[in-house]
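In what follows, chain A forms one complex with chain B and a second complex with chain C.
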Partner chain A sequence: MTAGRTAGRLAVAAAGPPILWVTVVLVGVAAALLPGFFSADNLANVLRQSAVLALLAIGQTFVVVAGMMDLSVGMLATLVLVLAADLMDGRAEATLAAVGLAAAVGIGVGALTGVLNNLLRINSLILTLGTLTILQGVTFIYTDQSLGAPSPAIAWLANGDVLGLPPSFLLVVLLVALAHLALHHTRFGVHLAAVGGAPQSARQAGIPVGRVQLAAFVISGLSAGLAGLVLLGRLGTGYPNAGIGLELDAIVAVVLGGTALAGGRGSVIGSVAAAVVLGIVSNMLNLLEVSSFVQMVIKGLVVIMVILIGQVRPERAA
Partner chain B sequence: MSRPDEIAAPTPAAAAPVGVAASRRLRSFPETLAIWLVLVVLLVVAGALSEAFLRPVYLGNIIRQAAPIGIAAVGVTFVMILGGVDLSIGATISLGAVLCAAAMNGDPANIAPAVALACLAAGAIGALNGILIAVTGVSPFILTLGTAITLYGVTQLVTGGTAHGIIAPGFREVFNVRIGGILPTLGLAFLVVAAAGATVQHVTTFGRRLYLIGSNPAAARLAGLPVRRTVILAYTLSGLLGGLGGIALLARSGVSGSLAASGYEFDVLAAVVLGGTTFEGGRGGIGGTVAGVLILFVAFNLVNVIGLNYHAQLVVKGAVIIVASAIYRRLRDAGSS
Partner chain C sequence: MALLETAGLSKSFGGVPVLAGLDFAAAAGEVHALVGANGAGKSTFLNIVSGSIAPTAGSIRLGGEVVRFANPQQAQRAGVSIVHQEFALAPLLDVATNIFLGREPRNRLGLVDRARMRRDAAALLARHGFRLDPGALVAGLSVAEQQLVEIARALSFEARVLILDEPTAALSPPEQQRLFAVIDRLKAAGVAILYVSHRLDEVFRIADRVTILRNGVRVDTRPTAGLDHAGLVRLMLGETAGPTASVARCAAAGPVRLAATYRAGEATSEIVLRAGEIVGLAGFVGAGRTHLARALAGHARPHEIEMMVDGVPVAPRSPAAAMRQGLVYLTEDRKRDGLFVPLGVLVNTTAGALDRVARLGVISRAAERRLGGGMLARLRLAAPGLGAPIDHLSGGNQQKAVFARALLAEPKVLICDEPTRGVDVGAKAQIHDLLLALAEGGLAVLVVSSEFGELLALADRILVMRDRAVIRTFRRGEVDEEMLFRAASGDPAVCAGRP
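Right after this comes the complex of A and B.
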């Protein structure tokens, strides 16, 4: 394998797989045929709707590249949403405290998951299935009905616009840029890929595997905290069932975006593009007034098809 | 260590697999014993806290409660021994329940065809999962997640999003008769399915192939084992038993909500993993899974009897999943060194 080919392959990995971009174009063309899709309002709407999933997908990408999975993010976002809604209760002056709370809870739960991962050495899927269940219980113990409201600033973050673009999506773009740099241009990113791709070799090479995995869970927790705030802004109230199932959607976006579930390589740009594609598909189906049940069927079939087509690669020799 | 879905890469050790796999199976025996010990200890603790757990009728009732998840978990155990996973199991259970109720439509004459239809549909879904996984080598985790989303949509389409279909008179009654005044028929059905699953695992060539393929797929392929056929059969069984689990759910609850079993995939996975079958494949078995299912349901009932609500049950469930898995990990490390 030549250095040029390796570099080329890494570039492809960083930008997401070709099938994703083919899907982007196809979906874009199909959408263009729909009257009303290309209005500035509707496009901004698509981005607004995709922001929560995009935020979760950014964090999840780090965990998956490290060869693990974080199923707790949907319920973590929900816990943050409920706590922040109760704290703010619509008061403008509480915005900063709520942002601090979201970051603290997100980072705290992520760090706890990482520590448990290092101590117990159990499969990340089963560990975070456990923490998901505990977080859901804690959220329901805190409240089993909607409470509180976002401050005007948080509502603006989710629903407002800056030069026609949703602020939440600008936040996503900023974070994608940072995450992309971290993943592909820092020592941490190299370590992360090494830990996910070949944990044994990484350990022998002196990479602090436990610390790298912990960092991945902390990043995932933080992104879930931010996603909880944005979701709160969209919903307008602290609804304790808000984030159920989001963890699986996030994993779908990450995989569609070209990150291998086996770990070792991945693309945050791909993850976010996939989240937006899913948003465009559901927006189109909404414009076509397709029932939500049929939408689910179509979404499932799109996932299966893209995954299967992406699977047929010349690299797949083993 | 955290590679739940990918088939392990060929390693230099691939050359000497059969003896290793066999000794691994022998070693897994004390593990299975350990999980049953945990169940006994839990029952003793529960019995000390509440006399209810000493009453056979109450225990029979726990087995009845566990039947839908337990029956489905038997099939998922096969898939996970193989190193795969079936996230569509909750959606399959839901679809099984909904199809069965819709086809029954309140007429006792329709019971048999309705059950057959649910089994056929669920088995076909499993077969489709298996064929796609075996032929393309796609990650089972993400493929069955896609199947799950699709099936939940289909189920909602069938029902229109509300409870749908009418149970025929006699259907629930048959399943809720207590044999000898203790064990409901539904509980017996779970135990029969588990016994059948254990027999398949221990006695048949298919059962042995599951372990060989799960512990070293590359070696199994080189040794000429029919890997594809085994994978397809395992997922078909998982789908079929998911359908039976759906029928059991219908018999237990009597209502077929369109999302009756949404989230059950996590409960099934938790039970299977508690029972000592890992995401990596090659170890575990039906015996452990049955104990895992019973531990989960005894724990739920205990929390209930103590007087904590459903929300606290979730916290306990999560803690049980984490702690039990950690204990296993220790046992396994101790056993293999």
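Right after this comes the complex of A and C.
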């Protein structure tokens, strides 16, 4: 019984996260169906489109590994987008201030969420549903219509290219490397996994559970702030509805990427790969001229399928 | 020279003393067993010594120095580690990480030095002869292997005192033997081991000395060599009140209601319950009583159990199916799987019998009130009203509501797991009367209880379980508390008798 279960786990581990296989299949299908898919321009475009989601997914991975969820990131990114757009209003010299603002707002809101989480000890899903609503309210109090514009540097970050690759995606790659290091090679990362997998055990081992959770929210907030800037660069204006619903896509990417939804184990590389896969899917469907509503249905089906592939059911298998 | 010593150690909870002036000493290289009946104060003592709770009075010395532990981490750093019955491991991390959780080695860059962690873990495991892969995920390990990880973690603090709380409760016999070998090696290495177990045969097998606790007081500390099983049980129980005054009842045992063959591991047990009979199921934590009781009520895997009800083979695959066959189980854990918590008393009572009070799927509140209220009145439940939230009632009245629900299912066989746990004396007597009345009325009743006195008072026969098998059956009148205790704790002189 135990042997069978272990064998099952090993088989899954050896096969790698299912997301990689899905990527391979998808790219194959795309290559066969769509002659335009493999052009350098189109591939760069896919990465460009995926960057915002990838940034959000990196931060969300930390929160999910810690056994929680952060629903506020879509709205937090939107708030940052609106504030930064208003601050820069297209002026080149305001870029640095806008980056500072994005980081400060992201970290500040993340820290606030973390503190509330420690004080109130309520389910993170409910807590961040609350902060999401508050952030949405604040955003619309600030403006109910588009305002401002990104500086040229921010626009370049989102739309430019460096050796054929979008700068935003290079930023993602850099952050993934850092996040991977933090998640798998620092005490913080190990403690995060312990807290998510077995909070009581972590407490008994002397791990400061509250502080670890707070740090996860701060990372999630910071990544949402950066995502807000990139999104602003893509849209070209501070549109207060810009990031609605992105939090769900981010959680989908994290889970597709092989992070345990219940916490305790995760991979930022997987999360970002999943964000790109979601980008490929919508790119393919766009090229096939499928309506965006049909696309939603297809996306939902892909999510369910991938989760099914990745699910091991020990008690049935044994 | 004692390595770990306590003087006058006392603890009260809300003014009630649970440990009163305990003097205790354990030497390096000694396996020191700690025994006592439920409520003797063992857990409190262990929790104080390992830093989880602070004593009300008294002192602890470790290697001659007075120590005070504010938390378990301090105790660990000082060299006192405990392995609880419930493990504290992170399942999705590997063995090495679990061993060093909370104090991972770091390299010059401040990153976790995984290579060193694996190396250190491998060295530690090899030193103590544990066959574990430092890189294996804890979730994939067996219970015995997880226990070794816990022990390795405890030892990684350079433990001088290792406390093992019921370490064999979840282990199979071969795994138990391997654990004993581990203990022998640690003992040779000079570790003092405090060993807590209900299984007295193990105490004789591995302990050098044994300290007996009763009602928060140390009765005695003796070398195991000069003791026998019966003598130790007498010390634990104190003055036994002679044969228990059991209810005079001439059980006219009727036809066989339930006949079951239960398989767990290598062992096979036969269980027969007759109409009008109360059968007791005795045993200690980890003996597998609840598993057997639940197996009879539709919670079993198909290969675990074969049953006949009234001579007809049945194989219920769910509690609902078991109920249709007349097999009804009353949980030992009301709060978790007995009560519907914010709901009222009446709903809690009729929840399983709504079909009987509904017409076309619509519940008639009047009929529900008649059916549930009638049953509750029969059980003499005291509540401010039938709508009163169930959790506002006393334990005894909560239990009566759960009982009422079970009886509304019209059982042929009633399986009660710890039916009087957490109820007051008055309610307990009423529940006992009820069980006797139900048996008189032709029901077959199985009572699982940790209180041997309760079984002796109620049961016509008592089955004793150990290691997931029924090892002995006693008839009413041929057994007393001491004998039951000896059988359940594995005294070969008692268990040698055929079941």
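Odds and ends about this structure:
One rule holds in what follows: the second predicted complex is superposed on the first by the 280 of 318 C-alpha atoms of A that agree within 3 Å, B and C clash if a C-alpha of one lies under 4 Å from a C-alpha of the other, contacts with A are read in each partner's own complex, and residues count from 1 in each chain.
As a working rule, a residue touches a chain if its C-beta (ideal position, glycine included) is under 8 Å from a C-beta of that chain, and two chains touch if they have at least 3 such contacts.
These numbers were taken from a predicted model, which means no experiment stands behind them.
When the two structures are aligned on the shared chain, A:129 is found in touch with chain B, with no touch to chain C. When the two complexes are overlaid on their common chain A, residue A:194 makes contact with chain C while staying clear of chain B.
Of the two partner chains, chain B is the only one that A:121 touches; chain C does not reach it. Counted by residues of chain A touched, the larger count belongs to B, out of chain B and chain C.
Shared-chain residue A:186: touches chain C; no touch with chain B.
Of the two partner chains placed around the shared chain by superposition, chain B is the only one that A:296 touches, whereas chain C remains out of contact. In the superposed model, A:265 makes contact with chain C only, not with chain B. When the two complexes are superposed on chain A, none of the residues of chain A touches both chain B and chain C. Taken in their complex, chain B has these residues touching chain A: 1-6, 9-10, 87, 132, 136-139, 141-143, 145-154, 156-157, 161, 218, 266, 269-270, 273, 278-280, 310-319, 321-322, 325-326, 328-329. Residues 71-73, 87-93, 97, 101-104, 106, 110-112, 114, 137, 139-140, 142 of chain C are the ones touching chain A in the complex.
Chain A contributes residues 67-69, 116, 120-127, 129-138, 140-141, 144, 199, 248, 251-252, 255, 261-263, 292-301, 303-304, 307-308, 311-312, 316, 318 to its touches with chain B in the complex. Those residues of chain A whose C-beta lies close enough to touch chain C in the complex are 2, 5-6, 9, 181, 185-187, 189-191, 193-194, 196-198, 200-202, 204-207, 260, 264-265.
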